[in-house]
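Next up: some structures, all given as structure tokens.
Same chain, two partners: chain A is paired with chain B first, then with chain C.
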Partner chain A sequence: MFSAELSSESPFLCSATEVGVHVLDRTITRVAVIDDVAEARAAMGWAVVDAGMEALPAEGPLNDIGSAAVDRLLSSVDAVVCDHHLAYGDYAAFSGAELVAFCYSRGLPAILSTQWEKAEIEMIRTHRAHIPVLVNPSFIAEPDHLIRALLSCVQELSGAYASSRRPWRTLVRVVDVRPSSGVVVEVPAWQGDEMIYLPTEAVPPYVGEAEVDRRFHARVNIGAARSEELFFLDWEDA
Partner chain B sequence: MTVVDVGHGSATVIVTDDGVVIVDTGPGSALLEYLTSQQLTTIHTVILSHADADHIRGLVGLLGARTVDVQEVVVNADSMQGSTTWRDLVYELDALERRAKDGGAPFTFTVGITTGYRHALGSSIELLALGPRQRLAALGVGNRDATGQEIRSNSISAVIAVDVNGSRVALLGGDLDDVGLAHLLDDASARPLRAPFLVYPHHGGHSSHRSNGADTEVFARTLAEVVEPEVAIFSTSRPPAGNIRAETVRGLLASMPRCRVVCTQLSTLCAAAVPTTAPAYLSDAYSHGRDNHTCCAGTVRLILSSGTLAPSAADHWRFIEAAAPTALCRVHRPGSAA
Partner chain C sequence: MTADHIRFAPDILRRLGEELNPAIDQGMLELVKNAYDADAHACTIELLDVNKPGGAITIRDDGDGMTRAQLRNGWLVVGSSQKTAMKRTALGRVPAGTKGLGRLAALRLGLLADCITRPRSQPSRQYSLTIDWSKFANVSVVEDVTLSVVSSTRKANANHGTEVRLRGLRRSISRDEILSLARALVLLADPFDEDPAAFVPRLLVPEFADLEATVSNRFFSEAEYHLIATVDGSGHSAAKVLDHRGGILYQTKALSAAEYQCPSAQFDLWTFKRTGARFMTRNANPSDVKSWINSFGGVHVYVDGLRVQPYGNRGDDWLQLNLRRVRSPEERPSTNNSIGRVAVQDIRGDLAQKTDRSGFIETRAFLELRRFGEDALDWMSRERLKTVERDRSLQRTHAVSQSTRAAGQLEKAIAAVPRAPAELGRAFRRLERARRQEERRLLREVQLYRTLSTAGITAATFAHETDRTTLKVMEMAIIAVERRAKRYVEDYATHLEEPITSLRNSLDSLARLSGLTLRLLERDKRDIIRVDVHDVIRRLSADFAPLFERRGATYELELFGGDPYLRTSQAAVESILANLLTNSLNALRRRRQSPRRVLVRTAVMMPLTLTVTVADNGPGIIGLSAEEIWLPGQSTEAGGTGFGLTIVRDTVHDLGGEASVIEHGVLGGAEFRVTIPVLGN
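On to the complex of A and B.
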């Protein structure tokens, strides 16, 4: 019997039968492990087992995100742990960020586990609104951390946003324009001082073509601690 | 009256049957989260003590979110602040005012707070500005006062007294600095300054731009001598955003050894590592440090009519003894063996 109290604030005691963990109103028994490197798949699989669940390492190729193989995989598990870079050996034709966002749309808890957050920030930010948890692989090697991460996913999927993830309508100001490339914006309500680069394809045309000091509103998770966590939804052309 | 744990910043929310008033709005979404957790959707008045980002960012968020109806904003203008955050706030204020004039929800904003500003909440509660004195505000940031001291943004930070049935209950210090304090002490119209509850200025940080520990200790002693607080509340956070100064606590307790020190978050000077769990006394009200276990008192709630403070002294002290045995409030209390 495996049991772990996630936090003193959490009213939810996670418990398990022989295999599986109860997280809120869900029982997570099988977890798909998606990584284009076999050794990394195996290591994460062990982390899943250590946490009291069954690991299902996904052998490639997974092809397209809408393929039957992916559908079969996702339909047979209760959660997913996924690396971001999946292109090695033609393992998959999609990124981990895309897959986690796809899982979000299906209501399936999915963790993006990657060391590439800063290097791939623009690509990941495009999907960040639908990536409840993004962690370094070494972090979720700890069973308690993995379960906490799954709890965060399940909570958000049930509508209970963490303050760092809740999007609020807020002012966004253009501070620099890089023609045909993107814009740099500032979010004045956010607690940080960093400027955020948004590629053209990540914003509506009227934002991408805006002049410096132009202001818009968008829904942004202004409670985020780090700039990498910020995402932008529902832009408004004032 | 609630001093919300907003991280590094300040936000005080006063709720009565006659309306809600907020003094300063902290950074990020913390104030929005708090108001949502308390189901507060109408704010009669928001008062901004000065233009520092950690006091005004939350208002930019509040106005943009449109989940809360704000009817009036009173700002202590400081155009010398020059921050883009300030200009963004003015943009949002101006937009709301134009919408109101076009038939939208009523909204007004007023520029200028000096000694004499009053705001009544029903018949029993009154907020009064004890500073900045008009002379100081008239000179403005960048000029020098009659003694040659440079006037900075924090010098003209508004100091707000909260009176209940004519008795002074609390003093909200904003980011008052040593120049501002000198003028406060010099201005007879600011009397009395005595108040049992003090929201300490500038999050317990340095009292002047010189970042001098000795000055900070003198400031704390002097302020404590004139306010004589029974409880000093610090809206603070852990680094890198902020940290309460040891000199502040030392000076405060030297003047008022029995003053209870209440910090919203746990300083690294008090505890090098965060506890594994959050304090059990945290209420359902939002505390920014809850998830990361950086709360000390967390969001602090004062019943103005009775002077009852939550968390209780006993509960809070038990937590400090267990989680932060070398806390500044223990170490610097005269006669302490810690």
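On to the complex of A and C.
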């Protein structure tokens, strides 16, 4: 149940009352655009506007995730589009992954954009369970894709998980240990044949110190098509 | 109620035997280990007509032999062993043979297996048994085949021992399998120790004599360094490094603050000085040492006197010598300039081998043993580096003054010679100029290496600010321009479509290219893992595809069927291929006419080696010889760094392989060939 009404007039000329899209039971009018680079905020803003919504580029510094500035920002918008790398300069003291997960806890639809380098995926995995949509920025530069991404967020927040996102309790086996760095695991119930590297920070200590062949149970979204989408929750000894 | 039993279909013999132990040498080694456990001194394996099916193998030993009861309750029982690690033999050996699955595989190599045994405890008796495997095809359970142990009187001159004969071999045995068996036999019972009462297995084929001589040559005294590290039963460690005269260079009372949770062990490593492909020796012939290291280099593991495979096999680097060397090449041993052994006394049986004999189960005890070995290597390297840095620093300080002083002394000496010909002075000055030029060249080379490294570090560190963010903004901007232009500009197709499409395509290309450097630098690519070589080649080929497109070159990939793999880092394999591809692309700049072609081809040979060929139709190797092309700083390209091929050569050597070049190869241009040992296909 999805409807999207884009203004037929040039978005540059719409008044505020004619701006917004209906996504399920929500109306998304204002979208915060969060990126540490001003030009990138502006560029993402064009996609938001062309999709029929109002873009609110977030000027820094945003400081901590629990700061008043962040709270004011999130309280004044209906959705968030956020880049992952925010902490290179003094723009923010948190990553985009952390912020999107925070928005999730507040029931606020938030999209994380990143260019999918491997090291990023490992860092993001810790929060992946609370990041409904993770996309390349050029993908959501197309308004249709942006709206669909927002739909996915709203659906998950209302409890309707996509099959690639629903977690299931399943067996996880340690297949390799990289001392002081992390573990490599396999998820037999997952369709893919890749092993997944989990840095020490992303797992409980007893998993990070496990020996090869040790088995655990965890809740994993085994319907995911790619290993980058997998997340692991609620670890238990098998 | 009836008495019933679990019974086994004859197919279980194949599953437990040849399927679980497919490598012929593993089964044969199990028979040899039976001889070791029987306190044999000599054990021979004779091969007869094995180059075709139907041949025979005979294994004879002079051990304790078996009584009828031992034959019945031990040798004929598969899956259980009468030996325990705790109970040593009369000669004090810890029994090595265990469940008999390897023996089963060996016995099933032929259609018939005979066992004739003469027990030491019964000097007049001999027992014999023949197993005809074809009989098992006609029964429904294994137990339905009756085997008869025949007792007879032993001949007066027949000594105790056992002879196992495998007749009617189901297949031929290749030369490579024989070589592999020969090597395994030579290394089986710790050839590093000089024990006159040692167990000596021998293989009666001509190749074996060569290999045996190679080990017995013992070039340990030619080693530059000898590392000796020990860990006792309580986990306390110590280590020292000796020079070639046996003098202690460095020592430590503890390699690690934490005790090692492994059995007691001693790790010996002999490291030889090598410059390129040539060993630097004092007394021995360098090519003999090279041949010896090629055959037996690497770190082998001996548990209670017997070798455990695959540690130290060609292509195996369980202590990551080669990875550590790639990360910091100075003063690091590698598997092609070192030979070593970790001798373990596993009294408690903490180390368990996998059933298929492919190494130890990676229990804590094994992981700690490995940590002990790695820590010893790291400690030695740190000590060596300290010495080298100290020497280098002193050299730098004194080099200039020494050089100036020497030059001054020589000038004075020339001047003091009565009626010294003017030509002598001029010759000396020419020599001085040449020496200073060489010095400047070397300094420039060092600076270039530092600059390249700095460029890489800077690119990786500031990727976010430079190409990543800029490209992201450009991509999103052009998408917005295209979208709005289509909506609001009349005749978009006529006036704007082509330039905007061109811009998008260029950005797309640029985005793919910009990620290449960072992808090469990904941290986990430097981890030692099982690397599927074809996977790495395919991924790197995809990364290079836009570069080939830009240069108007076609890229042909011909991968041999199968998935060759080895234990190394992805970074090592990538650095070989990336540098060869870059070299080809540079060469093709000098080719005027199309098509410009680059071919990458792989092939797998036995014994398991992978050959990667990179050929192009550029001008070939001109101006440098096939040997010079690999030297650092040598380049035929204006502005070339001259390091790419040096990196290829060094990386290939670290993997235990060889690199070669044909000046004008299959496509007419240069053809580079890299051959490396792999673990499997």
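Here is the rule we go by: the second predicted complex is superposed on the first by the 216 of 238 C-alpha atoms of A that agree within 3 Å, B and C clash if a C-alpha of one lies under 4 Å from a C-alpha of the other, contacts with A are read in each partner's own complex, and residues count from 1 in each chain.
In the analysis below, a contact is a pair of C-beta atoms (placed from the backbone, for glycine too) under 8 Å apart; a residue touches a chain by one contact, two chains touch by 3 or more.
Just so we're clear, the structure is a prediction, and the values are computed from it rather than from any experiment.
When both complexes are superposed on chain A, chain B and chain C fit side by side without a clash. Legend: residue contacts after superposition of the two complexes on their common chain; A:Ala47 is shown touching chain C, with no touch to chain B.
In the superposition on chain A, A:Tyr206 makes contact with neither chain B nor chain C. When the two structures are aligned on the shared chain, A:Ser138 is found in touch with chain C, with no touch to chain B. Put simply, the three-chain overlay gives an angle of 70° at chain A, taking C-alpha centres for chain B and chain C and rounding to the nearest 10. When the two structures are aligned on the shared chain, A:Gln115 is found in touch with chain C, with no touch to chain B.
In the superposition on chain A, contact of A:Tyr197 is made with chain C only, not with chain B.
For chain A, the partner that touches more of its residues is C, with chain B and chain C as the two candidates. Applying the stated contact rule after C-alpha superposition, one finds that A:Arg178 touches chain C and leaves chain B untouched. Between chain B and chain C the least C-alpha distance in the superposed model amounts to 6 Å. The contact sets of chain A with chain B and with chain C never meet.
Taken together, the chain A residues at the contact with chain C in this complex read 10, 37, 39-40, 43-44, 46-47, 50, 85, 88, 115, 117-119, 137-138, 141-143, 176-179, 197, 211-213. By the touch criterion given at the top, residues 362-364, 367, 371, 464-465, 468-469, 472-473, 475-477, 479-480, 483-484, 487-488, 515, 518-519, 522-524, 527, 529 of chain C touch chain A in their complex. Put simply, chain B touches chain A in their complex at residues 7-9, 27-30, 32-33, 57-58, 60-61, 64-67, 84-85, 88-89, 91-92, 241, 277-278, 280, 282, 286, 288, 290-291. Those residues of chain A that touch chain B in the shared complex are 7-9, 162-164, 166, 168-171, 173, 186, 188-191, 215, 217, 221-223.
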